[in-house]
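Note that the chains are named A, B, C and D in the order they appear, and that numbering of residues resets to 1 at the start of each chain.
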Amino acid sequence: MRIVLGENRYGKAETRLVRVDRGADAHHVTDLTVTTALAGDLARTHLTGDNSGVLPTDTQKNTVFAFARDGIGDVESFALRLARHFVDTVPTVHRARVHIDAHSWDRVAVGGAPSHHSFRRAAGTRCATVTVDGDATHVVSGVDDLVLMNTTDSQFHGFLRDSYTTLPEATDRILATAVSARWRHGSADAPADGWSTAFDDALRNLVEAFADTPSLSLQQTLYAMGERVLTHRVELCEVRLALPNKHHFLVDLAPFGLDNPGEVFFAPDRPYGLIEGTVLRDDAAPAEIAW
Amino acid sequence: MRIVLGENRYGKAETRLVRVDRGADAHHVTDLTVTTALAGDLARTHLTGDNSGVLPTDTQKNTVFAFARDGIGDVESFALRLARHFVDTVPTVHRARVHIDAHSWDRVAVGGAPSHHSFRRAAGTRCATVTVDGDATHVVSGVDDLVLMNTTDSQFHGFLRDSYTTLPEATDRILATAVSARWRHGSADAPADGWSTAFDDALRNLVEAFADTPSLSLQQTLYAMGERVLTHRVELCEVRLALPNKHHFLVDLAPFGLDNPGEVFFAPDRPYGLIEGTVLRDDAAPAEIAW
Amino acid sequence: MRIVLGENRYGKAETRLVRVDRGADAHHVTDLTVTTALAGDLARTHLTGDNSGVLPTDTQKNTVFAFARDGIGDVESFALRLARHFVDTVPTVHRARVHIDAHSWDRVAVGGAPSHHSFRRAAGTRCATVTVDGDATHVVSGVDDLVLMNTTDSQFHGFLRDSYTTLPEATDRILATAVSARWRHGSADAPADGWSTAFDDALRNLVEAFADTPSLSLQQTLYAMGERVLTHRVELCEVRLALPNKHHFLVDLAPFGLDNPGEVFFAPDRPYGLIEGTVLRDDAAPAEIAW
Amino acid sequence: MRIVLGENRYGKAETRLVRVDRGADAHHVTDLTVTTALAGDLARTHLTGDNSGVLPTDTQKNTVFAFARDGIGDVESFALRLARHFVDTVPTVHRARVHIDAHSWDRVAVGGAPSHHSFRRAAGTRCATVTVDGDATHVVSGVDDLVLMNTTDSQFHGFLRDSYTTLPEATDRILATAVSARWRHGSADAPADGWSTAFDDALRNLVEAFADTPSLSLQQTLYAMGERVLTHRVELCEVRLALPNKHHFLVDLAPFGLDNPGEVFFAPDRPYGLIEGTVLRDDAAPAEIAW
């Protein structure tokens, strides 16, 4: 009944890195938030304060900046370079997880033409999480802050009722959510069309499945989104989705002598439904990773 | 040396209203956060708790929803309807301020065609603030959460130095800001091209002035932005801008044997510069309003 | 109908400064967020990009850190030192506003005794805003993030009704708010009992007035809070309060065969009431400042 | 290579529940944010939209409110009641996770005496997470938003250096963190001294271990915190801690002719170190739960 150290990891969270590529024709901006986490033979620092095996988190941050000097490329590639570096060069580190959020910028138009060096921040965050664990490498891509709404073609009825159920059946409701999606690649090699085209295509499939699936429940929509992505992207083996059900309640205008034929809604912040699910190929190899 | 009640107002803040217009060809979404504030003969509730002159904030919220039943239209128009209603119908209310944030949604594409009823939240918030004060009416339009970046054509040098100054002169820096802009209309009548076209045009001018003004200081850019809007929109009399200077610091890579020719930057959160200014026509009538 | 520059100011926002006083018996922590804003003869940088009159915001940040080397003392004193420095030493600067948020830390107990050097962050932020405008100096103290609740002794009835009013009268409700309070000193000299004792006393009076005022409206509570502070603190001339009415709605449990005698409440985030008001002495000299 | 549904769950997130106990001598407030998540035979709603096995999230919210009518008691007890209810009464549900955040309120003093019914929100959030999985029940207690600082007795040196390491060795630094801690109970029965006394004691041990452990690394402090809790609370089997290293950098005042003997610090927001670790008894039975 001794007390012992269990799983542990450490790293530098949320390093804000911006890189400018000054192309002849136009500048390009890469705007990232990078988080590194390392694990391995780290018991000594926990048990005795012997730091001889601890690469400082400050060094991890420096490495992020230094590696950016050579160019960043796709976020999956950059995360792979960093994670492999830590596992390959730090003797005590057996496992590295690098998570990158890539913030979106659109090129501004000036006088109708695309600007050379002016940008506007757009909605949506592309992300990549690479885990290198000894010889195994896992790549997960994904998206956050993707807020979607269907104003019709969503129903919810025929559900289980108990003595605490008061919800009326809905045959036409608003369906809104803030998608948090992650998709795992079957291999650490870049897809044939490249990481970024693959990302765009997965994202397009996610959004289109949300938009054109007649929905009997948000669960059904979730499964359709995951299935659509896996159907179109053969290199992927697993999709995980977390979909808050951002409720829109029809306002009762009867006290004011008004009807409300599906037009005026109140959108509360909390509580909200939260639907979480995994869609995968039945032959997907399991991966012990922090998503 | 008596203690007395001074300026006061009250209202309902941040009512979340979503309206769906179910057009034959396509649905349209209006997603607003509405804040009302009323002032007038309200001393009794403060001094004695006599509420006979107090229209409840709950009623103000109800009014927002009920008025939306007839259609919302431009946010300036909706704010005008609401503000005038409170001043015209509530005997104790002499002044009403209605502020609306309009959240942006883009229509999703499915199979290359615009969707009938699916939308994605976009960056940027259009806002309108209407103040009705007795017979006077003031309309202010604006934008928040407009994050812009120029990767070159920005300098900052020749500044005042004292014994606490260590900043090096910069002849080529990143200029980034999150624009908060407000522009005051000379009249409460809609511009000739309508509130929404006028908004789009003002916004375009703001962004283009940011993008194509070679900048010697963020102050110079601020003035150029305000001047550009006033030059192109004759119905406007005053522009107010708050521009945080979102610093991007070149990372010193020399310790790692690397140069850094304007490519790798660190983007801290705080502190940040904050440049605030007003640009106006010299014949603009003053307006005693809360912007 | 020329376009001209109107009011403007610039500065460094949210410099995060922590100072440790290493007393023989115990350490003391001062944890501040400091914002400076300067105004004066600054037209040239706006109009031509000539920065010769612009003390960089980076220098303002340096000044904050350098001045802290001598000790910080009360936040009002520190803000006064900084604001006077900028107006006295920068030729172009005629007006300086320094706003400080002081974050609260409690000393931790270890084995029942107060720790020498360990602290825990507490709720509530004390703040001070000093404006030096030529020869005039204005000091405002205040508090933010002071969240208070009364579970009884609050009513709201007898209010104005119109055709949009559905709110029932309440004879016993929860009253909850997040106080944002500012109180203006009649002089820039420290109160007889010192800035910090004066702050503690004003805060105590605010809280006690909230707690022991039987409330017929949040407006009545607001006035009582301001009046109590002014009654007890003769050096103050004006109190401004912004009180969100954080609604707590009694949940209707009847569908589950249960009554609800004032016990179970739902606390939504938005919308909320917002009551704002000023209480002042009738001989208070006006102050043209940004609160 | 079929596409299949993997792990999934759904529930109502962040129901805001406030309960007032109107004791004869004093009122008591319980202020909770409750999140429920259910899993089981839910494939049909995902695959076909057949909702006959889906208890609506709205019903889960109703259940939270209805159960509060009987009194809440300790948050662990309330979470146990709710989780068992869902598993026991909903045929399709085999597993329920209920997470509760309990927001802290202090009783206000009026005239030196504790108020009967007035409260002030305090820092720190106590939490409980109960997972009922078939016959197995797991109880985790914890705390969030516990921000701690030591102004001395923290060092960091002797660490691993590579070509990206520039960090100087520190023999006296500020150590600050925002503790997120979870401790797992070996049994679902209440500790002998009750859930709340046990919580207070665990929290006290956490804080005291942070305060009186001379620290050679934040990892060492983390382990000491977990070990201290397990040593004093025999009913616990595992402690998990996430400790951001909230850096405080000594400001270089030399450019202003000043030294800085450990007094003036800059506290950036990002990046920050993040140290995560588990401390457990070596005979702790594993628990497959979402912490």
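As a working rule, contacts are C-beta pairs under 8 Å (C-beta built on N, C-alpha and C of every residue); 3 or more make two chains touch, one makes a residue touch a chain.
Quantities reported herein were computed from a predicted structural model and do not represent experimental measurements.
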Show me the overlap between the contact partners of chain A and those of chain D. B, C
For the copies chain A and chain B, the interface residues, called same if over half of the numbers are used by both and different if under half, are same
B-C against B-D, pair bridged by the larger set of C-beta contacts: B-C
Which one of the chains is farthest from chain A, going by Cα centres? C
Chain A to chain B, mean C-alpha position gap in Å, rounds to 30
From the C-alpha centre of chain B to that of chain C, how far is it in Å? 24
Whole-Å distance, chain B centre to chain D centre, using C-alpha means? 38
Could you pull out the residues of chain A that touch at least 2 other chains? 15-16, 62, 66, 164, 166, 255-256, 268-270
If we count contacts the way the header does, which residues on chain B are in touch with chain A in the complex? 15-22, 27, 29, 31, 62, 65-66, 68-69, 105, 108, 110-111, 115, 117-123, 146-153, 174, 207-208, 210-212, 248, 251, 253, 255-256, 258, 260, 262-269
Counting only contacts in the complex, chain C reaches chain A at residues 163-164, 166, 255-256, 268-270
Quick one: in the complex, what on chain D touches chain A? 1-16, 33, 35, 37, 42, 45-59, 61-63, 66, 89-90, 92, 156-162, 164-167, 215-217, 219-220, 222-223, 226-227, 230-231, 238, 244-245, 270-283
